[in-house]
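One chain, chain A, links the two complexes that follow: it is found with chain B in the first and with chain C in the second.
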Partner chain A sequence: MKENRIGVYICHCGGNISDYVDVNKVKEAVENDEGIALSKTTIFACADSNQKEMVEDIKEQNLSGVVVASCSPKLHLLTFRSVSERAGLNKYNYVHANIREQVSWAHSDDKIGATEKAIQIVKAAIAKVKLAEPLEPITVPTVNAVAVIGAGIAGMRAAIELADAGSNVILLEREFFIGGRIAQFDNLCVSNETGKELITRLYNEVMSHENVTLYTGAELVETSGSVGDFKIKIKVTPRYINSHCAKGELQKAIDVCPVKVPDEFNFNITDRKAIYHNYPSEYPQLPVIDMKNCTRCGECEKVCSSIDFSQKEKIIESNVGSILVATGFDPYEPEVGEFGYKTIENVVTLPQFKRIVHYAKDKLLYKGKLVRNIAYIYCVGSRQLDGENKYCSRYCCTSNIYAAITAKKQFGNINNFHFNRGIRTYGKQELLYDESSRMGDIYLQSFEDLPPTVESVNGKTVVKINDYLTGGKELEVEADLVVLVTGMVPRKDNSIEKLLKIPKGRDKFFNEIHMKLRPVETVIDGVTIAGACQGPKNIMESMNSALAAATKSFSLVDSGELAHEPIVAIVNADNCTYCDLCSQACPFDAIQMIEYNGKSIAEINNSTCKGCGMCIPVCPTNALDLTSFTDKEIFSMIDAIANHS
Partner chain B sequence: MEGGKVNNGPKILVFSTEKISDPAIDMAGLLKLHYPPTVYTISVPCSSAIKPIWILRALDQGFDGVFIAADGTDCPYSESCTDNTGKIVSNTMEIMKSRGMDPARLKMAAICSVCSEPFVKHVKSFTEYLKNHSKN
Partner chain C sequence: MAKINPDFTKELSKYGAFDPNACYNCGHCTAVCSLSDEQNSFPRKMVRFSVLGLENEIQESLDPWLCYYCGECTATCPREADPGELMMSLRRYLTVKYDWTGLSGLLYRYIGVTLSAFILLALIVVGVGASLNFDLHKIMQYGHLFEMFAIGTVFLLILCPNVLHMWWLTVYKSDAKPKIKNYFKSFSDLIVHMFTQKRALSCDDNKFRWLEHLILVFSYLLLLFTTVFLNWFETNNVLIIFIGYIESIFIFLITFDFVRRRVKKDAEISTHSQPSDWFFVIWLLLMGLTAILVRLAIDFHFIDTFSWLYYLHLIVLVQWALIIVPFGKWTHFLYRSFAIYFQKVINT
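== the complex of A and B ==
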């Protein structure tokens, strides 16, 4: 039996641990245990200096195993495994003990209890490391392809980056046109480009890249496999229009369509036909027939030879090594009656206001009436005191001030009144706030407990506020238009979340593993997230995260093989009688029957086994174990915690 | 530790899962949602991998209760995880009954990756239950 020489490091984590756990007591409680070669406390275990010291310790003391008791393994398990490797110790002879999230912070109200628990957690880790076997990673081949879900600005940017790096990209867009929310934006601050210009540039790059295949009207409907080799199924809905058609016929087909439905692209302020495109130069430059609303009257077929109702839905299967999710956001839809929304005629949301400005020519009109006084009510659907959306949506202050300045410059004679809760035009965007103030915009402020009110008084819409900036004086504005500055919320239809099992945060947006240290990875190996599906972001922030996610996905698929954790099921041939229950329990078809020493036993395919362990409890003869979670290891941990007191 | 046992409350062993319930339990700490320090966690890849003999070992070794923080429908491995874990729990409960043990000393609940508050609620109420019911 090997001689145990274990090194134990107890981290203060500044004071995050040592303010509540007596780390010296923990050290003293374990230092004289059998097999402990050294035991130390350290201010920051993850600090470079401590890592160097650990490397020296492992070499000089010839350590056979290491335990670091610090933060969650989600943060630094890999850090300390890497320290072990650098010192020549197999990284699976390292065991992590979580005494921050699960001890010092969870029990900050009970220092004695926390210290006691920390000792037992460390003892359990020591018990496990004593039994830990050196393991080698299992390498599996990877497919150098990435599925990017969502062809908005983040998805397209990520797709181009991946394609440039040499990966094949399958870019999926559920809508029939690319560009996502940015297609609905006109001028963007601070560059004054339009959203359409940005997406046109990206679309041209996407389409000219041989490594990118774009599917519109396409949804991911099934996935199996795992990081390195996901098998995906894509459902592609047809456009019912052939791509090669005579010039002018399509416009005729749109013109003759008798169906009118609210145009969601314009946030329902206009109507569209059942055969439509969102705007004339939109990409792909081929309209689509919305079969949910089409009555099959046949009028379009009479004037356009390209209409083809025989087109069928297609299922496309493919393999990819990673999936990058960039599905974006929905604008917050106010409740009926919230600041007069849908109960007072001239109350609109910020996205609607932008479309109104877009369509206005010389004068700003709303429902035929000239607009001069505009009241903007901020933080609608964000920073809610009682509602679910506690967060700030980050982009709306800037976006709204920019829209207000644009309206003023474009139409003149506009008076902007900003009913805000504190303006958050951070960074360079502060210049806009300054410009708006210089242009004479009026800022009125209140807090969440006393928001402004919107009332209809004798046919006039009046916005009232107790303005904090003028000592709480009640001020009112007779508004021709009230704009509710709405924030971002997660997509209503987020079927991708269920399909890929991406965890959500408290804000209901997709959750990264760690917001600072692993900001684009999810707990689902191989699935990365980018853009506003992760939380409110402006375009620049979305680009940053798209590039980060592309890089992370690329790193998973590029090398041609991926090192998997060597956590796999192990068969004890002596006990196994091959009853087939394990094979039935395995979700990955990783168990086969083989003949061994004259009898049938189970054999594990290590490259397809995902180490879930679903097979091990079903074995009636207890012939199965899981690497690193063997009966011996689990028992030793249970005993260490139970018996220590 | 010299000075004897400080934590006198019922001892609970939580089998938690690395990808789903561990993050929730970590976040409970982050949010300083306090629960008794006599609740200890051992992480496993999936709640469908927990062997009944592990649960029985814990109860035999002096844990008052075992709580399985199951993956539920969030399991990244299989949609059948909820059923699988449920079977493990019911099989183990049968063994416990046959040994004259209170099957309520084993509890299971699905704990999603952000279910910090439900986790704390479960372990607190489980602690109360165990406090009020002596071992048998």
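== the complex of A and C ==
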């Protein structure tokens, strides 16, 4: 057995600890214990001067282990590990004892008890450090490739960024056309570029990169492996149309198709054929046959030689080091009867309204009637008092005011009435609010507990409100069109979420690890999130998060190898009978069954195992242990505490 | 339940220089206004009623008359919406709405109509003079008779019904059903405010302006009395002649100062002058000026050579009495004091 030469440092933390814990008494209680080569108190253990002193102590005294009793390990574990490393001591021979959060702050009413507890905790740490083994990080090779899921603006921006940095990118789009929600937008604030122009620009950039491969009609159907080396399977649905064909023929094929279905791209305000593109000049510029609705009547084949029903679904397999998810949002679909939606004829949602304005020529007509008074009801599906959507959808105020201004400018003679709950056109978007009110738009405000009402009275649609800005007076407007300013909700299709096990937040959007400190990472190592799949964002914010996620993913795959914490579960092959309980308990799918010496045992995947310890207590044969937290170490800590008290 | 009418602001813009689209409901105007309290958000409530086009609410409100245009709200407004001028515009609008004949509306909104009316009256005076062969003595007698006749007629046919109309809109139609005795109890307020404009003192800290206005009101009323009932132009009583001089000199000097301010625009109140404001103050000035000149001509015996001076005075007088008093800005003298009176009646 090696000789223990342990250094113990007890920190005052300015007074945070020493005001309640008698640090000298703690020092005295341990300084004469077996194996203690050095014990000190220090005002701030984390201060530069003390760190330097520790490095010298470790070298001069030839210490075999170090304990610092100070704050939470969340704050300074890494600090002191690197102190050990700098002094040539393996960093896993360092043990952290928390006597601030767990002692002085928690027991400020009982100084004697606090000091006793601090002694126990330090003694336990000493017991652990005596048994601590030096460990080396586990390194895994990484594939310098990233799968980006979703070719909307966030996905395309991230793909370009990754490709620029030198990674291979597989860009997957479930739809047959790229651009996501932004393709459905006309002019954008503040650039005045249209959504189509923006995505065309991004698309051209994506296509000009050799190391981006774009798949449309593609879905991720299977993943395995872990950060650095995910194996992915992609299902690609064919378009049933050959590329390289005469444009005129394709238009004829669309014209002759007898099938008519509501066009989801236009939020069902128009119809499309079974062979379609969303709008002319859309990318990729090849139409697609929607097999769900196609009757296989064969009319299109007669006029167009490029139709090819023999095309088959393909499964493509690939390896990537990281997966960047940018699947976007769905617009909130109001419930039937919510502010008259689907029960009163002239009630539409904001996305529908934008398409109506887009398709209107010189007059704004809805169902053949001239529209003059438009009532906009804000926060529909957002900031709900009773519903689940408590959040603000961030983009809708701006988007709606812009649409209202556009309609007014385009058609003239339009009265806009904004039934809002406080306008949130933050930043530069405030200019739009200003423009709208300068144009004579009327703003009426209420709170969530007394929302406006929409009623049909004698064939006229009347919106009523108790206007807070007019002392709560009840006011009404006869509206020719009511626009429900709907917010963002998570995508209905949750296949990606299930496949990758990305956790969701209270708002049901994908959840990052920490809103500020780790804003684009998920708890699934190697899976990053960008854009509105993470929560409501406007275009600029989506772009920012796309760049952040691309950078994060790149940092994981770029160096060719990835270092993991060596704190992982280990299997004692002799004891293991592979009962499968451990793999059921594992939240990270890190345990597989293998054959070893003629019997089935569990094997831990070191690159997926997070060292959480969930598997250890369920093992009936005690065949599992956790490095750095071995049974032996834990028992010795318990003994140390028990012996002292 | 009130219906929003976004077209109303277009109508209101004919009465003044307010920008209804500038307001974003910040409430700065209410914060600085000495008239606003927890119940009444002054002048924001009126701003809001105007923006939303709630005409009934505006017509039933006394608020515009309670504002004396100190200009604090306009000076504080971060959006330069000019709420002070809005209140002024609403007073013009209400003057038109109270007038049962509808003539005020024509005069306020169409400058051409106003000018035509002024010219027409001038021609009538000249025509009547011609029919009397420009016999100065006779015309002076007719002029004096006209004054008495005009005062009675305008008072009975126009001013009384209009004040009654104001009462009907603001008191009778309101939810407050005041007791009859309140009308007697508060009557003293009517008199005090009518003759002193005491309320203005609590609004504006410009005491000099208030004093000028007070002297002007008294001079005007006394000159009216002196010319009509003491027959100033035809009397030989030295004291009466002297008093008449004093009164008309005061009218001339003060109105001259008011015109100067409107030209210089040195305070919020005199920044935005509508035709109705100019007519009011200039005709009052001309009244004072021509009255002095006529009496001077009489006293120094050159009235026969300069008889046109009297015709000029008579033209100004007729225009004043038949246009500005019944249908123009003169009425604010009544509406302001009655507004304070009615409010007291309601709130007692």
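Convention: the second predicted complex is superposed on the first by the 442 of 645 C-alpha atoms of A that agree within 3 Å, B and C clash if a C-alpha of one lies under 4 Å from a C-alpha of the other, contacts with A are read in each partner's own complex, and residues count from 1 in each chain.
Definition applied: a residue touches a chain if its C-beta (ideal position, glycine included) is under 8 Å from a C-beta of that chain, and two chains touch if they have at least 3 such contacts.
Remember, predicted model here, so these are calculated numbers, not experimental data.
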{"item": "Partner chain(s) touched by A:470 [first = chain B, second = chain C, both, neither]", "value": "second"}
{"item": "Chain C versus chain B, contacts on chain A by residue", "value": "B"}
{"item": "Which superposed partner A:415 touches (first chain B, second chain C, both, neither)", "value": "second"}
{"item": "First, second, both or neither for A:442, with chain B first and chain C second", "value": "second"}
{"item": "First, second, both or neither for A:504, with chain B first and chain C second", "value": "first"}
{"item": "Chain A positions touched by chain B in one structure and by chain C in the second", "value": "none"}
{"item": "Interface residues, chain C side, partner chain A - complex", "value": "1-4, 6, 9, 20-25, 41, 45, 48-49, 51-52, 54"}
{"item": "Residue numbers on chain B that touch chain A, as the complex places them", "value": "1, 4-7, 11, 13, 19-20, 22-23, 25-30, 32-38, 40-46, 48-54, 57-58, 61-63, 74-78, 80-81, 84, 88, 112-114"}
{"item": "Chain B-facing residues of chain A, complex", "value": "25, 29, 72-74, 98, 100-110, 112-114, 116-117, 119-121, 124, 501, 503-506, 511, 523-524, 567, 585, 587-588, 610-614, 616-617, 622, 626, 629, 631, 634-635, 637-639, 641-645"}
{"item": "Complex contacts: residues of chain A adjacent to chain C", "value": "415, 417, 433-434, 437-440, 442-443, 445, 464, 467, 469-471, 473-478"}
